[in-house]
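Look at the two complexes coming up: chain A is in both, with chain B in one and chain C in the other.
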Partner chain A sequence: MRSDRLNRSPLGLKIAAAAGLAFMHVPILLIFLYAFTTEEKSYQFPPPGLTTQWFAVAWNRPDVWAALTLSVKVASIATAVALVLGTLCAAAVSQTRFFGRETISLLVILPIALPGIITGIALRSAFSIAEFPFSFWTIVLGHATFCIVVVYNNAVARFRRISGSLIEASMDLGADGFQTFRYIILPNIGTALLAGGMLAFALSFDEVIVTTFTAGQQSTLPIWMLEELIRPRQRPVTNVVAMIVVLVTFLPILGAYYLTRDGDQIAGGGK
Partner chain B sequence: MTTVAENFVLPERRGAAGRLSDFFWKHPHVLLTVMLAPPLLWLGVVYIGSLFALLLQSFFSIDDFSGLINYEFTFATYRQLLSETNLDIILRTVSMAAVVTVASALIAFPIAYYAARYAQGKWKVLFYLGIMLPLWSSYLVKIYAWKLILAKEGIVTWFLAKVHLQWLLDAWLSLPVVGGNSLSVSYTGTFIVFVYVWLPFMILPIQAALERVPGNLIEASSDLGGTPAQTFRYVLFPLALPGIVAGSIFTFSLTLGDYIIPQIIGSSRLFIGQAVYAQQGTAGNIPLAAAFTVVPIVIMGAYLYMAKRMGAFDAL
Partner chain C sequence: MTAVLFDNVSRHFGAVRAVDGVNLEIAEGEFFAMLGPSGSGKTTCLRLMAGFEQPTGGHIEIFGETAEGVPPYRRSVNTVFQDYALFPHLSILDNVAYGLMVKGVGREERRKAAEDALAMVKLPSYGSRRPGQLSGGQRQRVALARALVNKPKVLLLDEPLGALDLKLREQMQEELKSLQKSLGITFVFVTHDQGEALSMADRIAVFNDGRIQQLGSPEEVYKQPKTRFVADFVGSSNVLPAKLCQKLGVRSTYASLRPEAIALSAPGEGALSLNGTVSAHSFLGAVNRVVVDVDGARIAVASPASLVVPTVGSPVTISFAAHELHPMEDA
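Right, the complex of A and B next:
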């Protein structure tokens, strides 16, 4: 028999946990408040008045639209590349045994385990040594490198749950390798890939450190934000963009959570 | 009899896809190679190749007069790395990483413990999303939020004025080292933002370690007369330690490599990341930038070795 007293949490712990959670969320909520402020020149609190005019101003800014479009394009292509490479890696590691199998997991995790600045500067110097011009594609390549790990982690966790006998049964019933992949494996790993893809998209959409090294003249949305942070030109527009970025990244995270919540793994655990 | 035997072996498949499938079935190594070649070509050849090319450049030096890279093997760049100014940068970054790690562990522990032991059902989901959303939300937006908060005219000053504690902030800011003109240009500001941004990376591994501590172990400790403090000291803390070490890998490594946070919120004194950025960009001294990147790699290598010996990887 457990005593009830022990199952109730001590008050001090409750307060510390609640305060910790508040510390993590209040700053993000403040962004929402600042998007409506009438103050243009400073970060005054409390806001002297509230307005929605900045949403219209931001909507009509071509540079914001250009940065947003570029970010979405980069994130989509980088996610597609990461999906293919990450799934191939995960399938090879989980379905077969071969020499150097452990090294592959390490190799996949390395781009995210090393500080971003190292990955960024290494790729930058490699691109310039190879005389590969900095362009849209160098950004995509940089992003795909560290997005692979997210897809890989989600896919490996799901592959582990597919029983080998299911694949053998399909083969026994006369399906060839491609049919087995199409009708047995793909439906089983589909949601894991979707979740991994969403997280990879969120990761790429937000990445700034590697991007500053691999981008040429183009600015993605995070680069645009970084420039505003260093040299603020129009603070209200930045406030609105910041709020939109928060909303855009929340959706894939919630989606990924609902797709993998029944699983034995944590969708974002690999970041 | 023969008809039965014939039916056991299916005829060869027809069509390109069928024949390819049969071929892969008979030669699994070819299939494995085809599957592994694209990711290995990218990660193993291009990515690892660029890392090695970068490290190699740290053994070259830059010609002081022409500003061109001198492609001769030398330790001159490393001698330059160990000059007083650069050692200062390294020491500053490592101390910041250490303080940030300790502070994140202190804040993370109660959250992780509550989420692992007491949160049930709906609350468990709330805690999970409450940790995940800040983890994945935009890094720059989080920094921007703190720029709003720590600004002179921002919410911190407003709040302290309301409760008549303005003098406390002024006294803190007048202190040497941690102080400055306002919070957003002081080490205190840099420290707060680092802790804020890396906190979820500390919570998750601690929570994973604590989930594995059975509740009746805690009960047994109090049954045997342990006070809550003793239970924490002798039962809970040793079991959570691998998780704390695992989390500290992230907070330490991320702080060592970051160059954006100290640039936006902090004093003008450089951190390792900023030094790398400045050396490769405006100064054009790639060899010194490469030598600087070796510092976090070496520190993290030693750190990971220690962490592995403490069993931290099981908590990841």
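Right, the complex of A and C next:
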């Protein structure tokens, strides 16, 4: 009786929803628009003219390439580290019982709950105390702290869905630990790891706060963009790069969404 | 030859004595049932045989070889799991061939063996499907084929029929029994269903509180329960309390008496009898179950449905042959 009437939402609600979505996404479209503007010193609306020259300019600027390569490298290595450590941690927490299990589970997730600035300051002072020079690797370490969380969260959810008897069945049929991991566990957690890895990559790729505290002289792409905004020259180059960042981070997140969407069935739980 | 030997085996989890001093000797080719309520230690015993648990005390041998410390993947034992544990990401054929695959058997050979095993459990054309596309009964057969394709010396079955409906369960009981006969493999079967254990097993071990209460043929366990627990759990023997035992001249404190061994009539030559009043009765198809109150003890009588049932409250004499009365240990 109630469902029919409630399913049809009132006009006001529809407008509010549309306005909300527009509020979130129109600015992004504006960034795209200004990548084509002919005015290079300020963002005036409407743009006086449209041009694609900034793509060529961006392509030829070595600082853009340096920042982009650094970001891709950092994100790839941080993701790789997170995949290994996050999976191992998820396996331990979900498949075994030991003293302090819940605590470890909480401590692993904490870096993503803490404000990035805390993580950043903490890492910076730790590196300083240890007299560890700021470099490419300190950025990777900083990013790995929150990348692990993303991988761990994805993997632990999938591990919990693998019924324990699957692993026992594999051992019972003659597979040792390594074979069981390769033939049973990995195929069952594979999509979760891929999704976690993609999210981790996207997070690392546009991270600013932790990076500012852990980087030495290098600029990752987001840092480069921040610096670029202060300068009055060739502003639309920043917008071109922003478009690339949106594409590079959006595709993995979309992929992760599709990979984990159909994972509701419990592996091996059916009778 | 002895297939499985338990010598005073215990498995304690902290203060919980899941298995407590169990002695077992299962012969090669035997269909052996471990029967008991949940938490009685029967499944832990099975897991000790499979190698998923290690004993905290005692000694286990499988075909003469020490089993302690041997991991599950090095035992010539395979398990049919209660939830079947089929690998959801593999086809039925790959599921069945898994054991051969990890042992390094060639693709063609293991494919052939898996197809033969599927034919044996009457699912010949199901190889390309996924576990999710099969019914419960079919999954159970696949689990059976997946275990048997490895030619185990002992097949362990953990409540394999528990998830099936009654009709299917009865059919699978017969099939399992005949499969075991034709293969000659030792089957060790865990169940909480006494009917299943009685109809399928060559011998039954009745478990309670981590210990074996009685070990014997189905007939022995059914007709001569050694303890009150067995009398109560296997079927529904009457347990006569000390008072009545004394009256009847039995030497032990308790004695068991099967409902179908009792007649609602005056005793014949050499028979024993007791007087009581009818306190309840119910119609069970082939028999009427009549409960008779004798000095406060409730004794169930299975009376053939063709006989007239006395009304509730009326005095009645029950009689039985002296040899039907089985003295029990005090436990």
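The criterion applied here is as follows: the second predicted complex is superposed on the first by the 256 of 271 C-alpha atoms of A that agree within 3 Å, B and C clash if a C-alpha of one lies under 4 Å from a C-alpha of the other, contacts with A are read in each partner's own complex, and residues count from 1 in each chain.
One rule holds for everything that comes next: contacts are C-beta pairs under 8 Å (C-beta built on N, C-alpha and C of every residue); 3 or more make two chains touch, one makes a residue touch a chain.
Note that the structure is predicted; figures quoted are calculated from it, not measured.
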Greater residue coverage of chain A in the superposed arrangement, chain B or chain C: B
First, second, both or neither for A:52, with chain B first and chain C second: neither
Partner chain in contact with A:217 - chain B first, chain C second, else both or neither: neither
First, second, both or neither for A:187, with chain B first and chain C second: second
Partner chain(s) touched by A:176 [first = chain B, second = chain C, both, neither]: both
Contacts of A:163 with chain B and chain C, given as first, second, both or neither: second
Doubly contacted residues of chain A, that is, touched by chain B and again by chain C: 174, 176, 267-269, 271
Touch list for chain A against partner chain C, complex: 163, 165-166, 168-176, 179, 183-184, 187-188, 265, 267-271
Chain A partner contacts - residues on chain B that touch it in the complex: 10, 13, 17-18, 20-22, 24-25, 28, 31-32, 35-36, 38-40, 42-44, 46-51, 53-54, 57, 107-108, 110-111, 113-115, 117-118, 127-149, 151, 153-155, 158, 196, 199-201, 204, 215, 218-219, 222, 228, 253-254, 256-260, 263-264, 273, 276-277, 280, 286, 289-290, 293, 296-297, 300
Residue numbers on chain A that touch chain B, as the complex places them: 2, 6-7, 9-10, 13-14, 16-17, 20-21, 23-25, 27-28, 30-31, 34, 42-46, 84-86, 88-89, 91-92, 96, 98, 104, 107-108, 110-111, 113-119, 121-126, 129, 144-145, 148, 174, 176-178, 199, 202-203, 206, 208-209, 222, 225-226, 229-230, 238, 242, 245-246, 249-250, 253-254, 257, 266-269, 271
Contact set on chain C toward chain A in their complex: 50-52, 71-73, 77-79, 81-89, 98-99, 101-103, 131-132, 136, 139, 146-147, 150, 163
